[in-house]
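Shared chain: chain A. Partners: chain B in the first complex, chain C in the second.
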Partner chain A sequence: MSDGTDDGAADDPTAADRTTERTPLRRSETARWDGVAGVALALVGVGVVARQPGLVLVGAVGVGYAVYARIGEAPEATVELSRTVSGDAPDPGDEVVVTVRARNVGDAPLPDLRLVDGVPPGLEVIDGPARTATALSPSATAAFEYAVRASRGEHEWEPARAITRNAAGSRERTTELATPTRIVCTPELAAGGDLPLRGLTTVYHGRVPTDVGGAGVEFHATREYHRGDPIKRIDWNRRARTGELATLELREERAATVVLLIDAREAAYAAPEPDADTAVEASVEAAGQAFTALLDGGDRVGIAALSPRDCWLPPGAGTAHAARGREALATDPALAPTPSEGRFYRSLWLRRFRRRLPADAQVLFFTPLLDDSAASLARRIDAHGHLVTVLSPDVTAGDTPGTGLVAFERRERLRALRGAGIRAVEWGDRSFPVAVAGAAARWSR
Partner chain B sequence: MRPLAVVGIAAVAVGFVAVANRGVAAALDPSAVVVTLIGVLAVAQGIRYANERRGRDRRTAVPGEPERRELATVPGEDLDERIARVIGASRGGYATRRELRERVRTVAVAAVARDRNCSTAAAERAVDAGDWTDDPTAAAFLDGDASYPVRVRLRAAVRGRPRYGYGLSAAIDAIGRLDADAGADPPEATQ
Partner chain C sequence: MVAVSRRGAAAGEGGAGDGERDAPERDKRERDDRPPTSAVVAGLVAGAVAALSAFLAAPTGGALVGLAAVGFLAGSLRRSHRVLSWAAAVGVVGIAAAGYLGGAVEPLLAAGVALAIAWDTADHGISLGEQVGREARTRRNVAVHVGANLLAGGISVAVVYGAYLAAAGNQPVAALALLLFGAVALASAVR
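Up next, the complex of A and B:
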């Protein structure tokens, strides 16, 4: 238990640079000895009335307990906390072992100390409770460990809570002990979901077929011959039939600028079951797949979030951009595994988004479509000339009247979007690439 | 309270003196009445004391459950709660009732229009007339004039629940059946 050194933080360099910030929260009396004095007095009274010396004696014992409960204040939690994690950059699904050491740096013993660690809300403890109860004499150390399963995002530990009580347990004091610890979990971006884009392109060569005639592989039209047209493109059949020279036009294939827009408003943090992955997780995973696929196809890709917090990665290409995109999808605070604080102002957000959006950009909008606002936003962006494709993870459960109604309404929204000429794909149990492949077969272009 | 405290302190002081000096103790009258009176006073005080403590704010700190991941909301769960509240009370909740009925109606009209391949106006007429589904309970839910079947009325009366709840779940089920018919192709395959 005790590690020998006398007086804690000052002469221990590791402890000195990560001092624990202590914030007292509340002091209160517990209900442990409630009414013992009253019961003792009543017993004495009954003993006197009934002339029973035994009862009076029992009452006297009760008085002793009442005095015991009143002695002593709950000691201050003079605890220095240090937290170590087995890896601060785990992969998703990895088990991270967290070891917490608490050291009493005060002069007084802590007869009853309970420590509850502030596990980040986005992480789930899979082994052992993240808490301990112990007694610490001065400069003694107690340690406990637990394991969490890593999930996407940047996870910061919240302050641990220390609850100290006096020996009788009649008074207690709660203190927050803040020790900064964080882990960053950045998933590898899997390529997949090779998405057919809509026909809004840049002037650069790429893989989106356009309605512009020129060089390419697919037949587009014929036109009359101009001097200087390449001999390979002359329509020799027509020349043989009519004697006129004509030139074949092929569909030009161009690159597109795509912005992946992820719905991360509070409403999007929804799941078919309370402890399942949310729609935001599903959206971010799918966006990661689309990001890689589009970059590989030579398109310029950017990332934005529909969230109270600002998130914008301008469209770009190249290896460095791929790394930035991966980082943004994993750790951007706007896409955190738990909802961002603050109110979301739709018109403000839309104005800023439109200002940033390049004129030739199309938008892939990842949203669970749980409210009308998402659907109308998709229409408005589409109406401003940025062709929108809606990709919607299905997180409705539909087994009770309420959830069923919400599921129907969501499906009506999808149908209305399709009716308005906006492409929409939904995926639920099936993986995103499978759903996209199924949809791509239906879309002509 | 002050004079009472003074009296109490004085009484305890006299008691302590009496332990040392028997003369003071002898001066007190040890008759049965006095002793009983003292005892009754002690009982009354004890009960009062215990009672007084009951009202005070004494809460132990509740550290919560940091081990669990923050729970996600299930879409529609809040609706279920509202429905349960509306059904639980036999009266009231008119705003909720009206809103729910309106939402169900909108979805039903859309489903009927798609199923029969007719205009929205025709679908609205079908829903209002109650001939959009085979289920009389579901039809009665959206049709102000029609009454619920006797079976449902009996069940509602026996359980003391409003018919509204039965109608609501029947209507949702009926829409689900229409939707499933329309979706001979999986939902995402509809253009």
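Up next, the complex of A and C:
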């Protein structure tokens, strides 16, 4: 009787202004007591034949149970549900304690009430089940709590499901109790290492070395002296050696426009283990690091998702843009921790993406490369003149023949992409900056 | 059989406590849908009472009802409604046997109510396990359910036994049965 239940109204101020919307779902017979009347009458019959009053009496009690099973409808779940979370803006990985209080606001007692809370699909319950079974007399309150681990994104609680039964348990009724609750979990973007970009740049000064000669720091070529060239750039060694005037050309460093494209199709929601982070999660984290690093380097960065839902942050720069990007990466529904609903139409998506993409933009494509269409998409975007770098989190496990085959196919795709002249980096175990640094050493411009 | 039940309970407790650190993640997330311990224990106690009462009425019947109690435990642990139904059938046969062998009225009535409670609690426990799981708080729910059943059984026994003492006395059994059919007809009419 003492398990978290206190009689009398709980004066929770948050409970008063939140109202619970009740949607009746279905009513059914549980058929638990079916046949009890037959058994009872059989006992009575045996008792009559054997002339044993005891059996007749037991049979009569059985009839009493048959009546018990027939009386009473399953009561309506007249429950006011309030949900309090320990923090509505947690950091990823934080434990959020959710307290659910259910108050019987009806006039009838609820002898058998089972509550299943609608935990958002992107959150994992780490302590205590989000369920309870109790009995509530009018205006009594029952409370239960559980803890979830916060993950990136915006999480809205689904309606809780209440199942009520009559005292005998012969009839039940299912009701949905909707009480809006949400938490928003926005990770800090960690700055990643220097991300090498490909040589497709804007006309603005930045940090990507180009093949254009001009002002810069790195030697590019020498050319004939033209009148008006700065004295500092004259190759005095050559002048001393041969007496000719020549001018040093340096590589011009320019800024790039980069669009971070994140594969968030259903196929990309793959993880090596059932509870491990998905490839989308790894991609978004890496994209966050790239986003910060590129913005700090003076490049213009945009964000797009390969997803049935539309997600497009046009390339930009500045503090406001950084904040917008952080929010898009954290809470955009297209990048949610669980797959978006709806079908993904590749050619429609590609047409729209190309229309939006600035002509001088290059693409950093974050994809686990688990199917051919990601690889072919990378090649198509690259062929349209937007240089593509594929950054692929490795989520293949390889411990069974099936997963081993997937890992092999993925390696073949990477090899094919590299063969087609597309840069590709893969990383596993959350060491994106290390993988990029290692790859950068291999790459020539 | 108690040892089996304790082992089951210990495993359940371990899954909630120690398992959080060393068990793989997926084991933790998978809900434990065995019936709650309170329901299993209450069903076991009621089954024991039923067996004891039936044994007092007639040892053969008592043995069968004891078998039924074991069946309830097995049904609870295996989460099988069908095993429970079969066990209940065995229990009813046991009570019929005890009554046929001339068991006294009072222990037979007690055995009948206890058997009904044992089956009801075990079955309720399985549905609780399916819907909310073993680790959820269910004690109040189980207590109210058992209490309601006990109340229904108690009222039935009071009415039936009172009528038996007052009206029947040395009346033939057929008169009792007729009285009963009258009651059934009345109950159906009310419904």
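Keep in mind that, in the parts below, the second predicted complex is superposed on the first by the 417 of 445 C-alpha atoms of A that agree within 3 Å, B and C clash if a C-alpha of one lies under 4 Å from a C-alpha of the other, contacts with A are read in each partner's own complex, and residues count from 1 in each chain.
Criterion: a contact is a pair of C-beta atoms (placed from the backbone, for glycine too) under 8 Å apart; a residue touches a chain by one contact, two chains touch by 3 or more.
As the structure is a computational prediction, the values presented were derived from the model and not from experiment.
After superposition onto chain A, the modelled positions of chain B and chain C are compatible, with room for both.
In the superposed three-chain arrangement, the CA centre of chain A forms the vertex of an angle with the CA centres of chain B and chain C, and that angle is 50 degrees when rounded to a multiple of 10. By the touch criterion stated above, A:Ala133 is placed in contact with chain C alone, chain B being left untouched.
When the two complexes are overlaid on their common chain A, residue A:Leu113 makes contact with chain C while staying clear of chain B.
Once the two complexes are overlaid on the shared chain, A:Ala167 sits against chain C while remaining clear of chain B. Once the two complexes are laid over each other on the shared chain, residue contacts for A:Leu57 go to chain C alone; chain B is not touched. By the touch criterion defined above, A:Ala323 lies against neither chain B nor chain C after alignment on the C-alpha atoms of chain A. Of the two partner chains placed around the shared chain by superposition, neither chain B nor chain C is touched by A:Ala221. When both complexes are overlaid on chain A, the residue A:Ala435 reaches chain B alone and has no touch with chain C. Once chain A of one complex is fitted onto chain A of the other, the partner contacts of A:Glu412 are limited to chain B, with no touch recorded for chain C.
When the shared chain is aligned, no partner comes close enough to touch A:Ala89: not chain B, not chain C.
Set side by side, chain B and chain C differ in how many residues of chain A they touch, and the one touching more is B.
With chain A used as the common frame, chain B approaches chain C to a shortest CA-CA distance of 5 Å.
Put simply, chain A uses residues 30, 39, 43-44, 46-48, 50-51, 114, 116, 124-125, 129, 131, 163, 273-275 to touch chain B in one complex and chain C in the other. Looking at the complex, you find that chain A touches chain C at residues 1, 3-5, 30, 32, 39, 43-44, 46-48, 50-68, 70-71, 111-116, 124-129, 131-135, 142, 144, 163, 167-169, 273-275.
Residue ranges of chain A in contact with chain B, taken from their complex: 26, 28-31, 34-35, 37-51, 114, 116-119, 121-125, 129-131, 146, 158, 161, 163, 172, 174, 269-278, 337-338, 368, 370, 395-398, 400-412, 414-415, 418, 425-427, 435, 438-439, 442.
On the side of chain C, the complex with chain A involves touching residues 20, 24-26, 28-29, 31, 57, 92, 95-96, 99-100, 102-105, 108-109, 111-113, 116, 120, 123-124, 127-128, 131-133, 135-145, 148-149, 152-153, 155-157, 159-161, 164, 168, 172-174, 176-177, 180, 183-184, 187, 191. Across the complex, chain B meets chain A through its residues 35-36, 38-54, 56-61, 63-64, 66-83, 100, 103-104, 106-107, 110-111, 114, 168-169, 172, 175-176, 179, 187-191.
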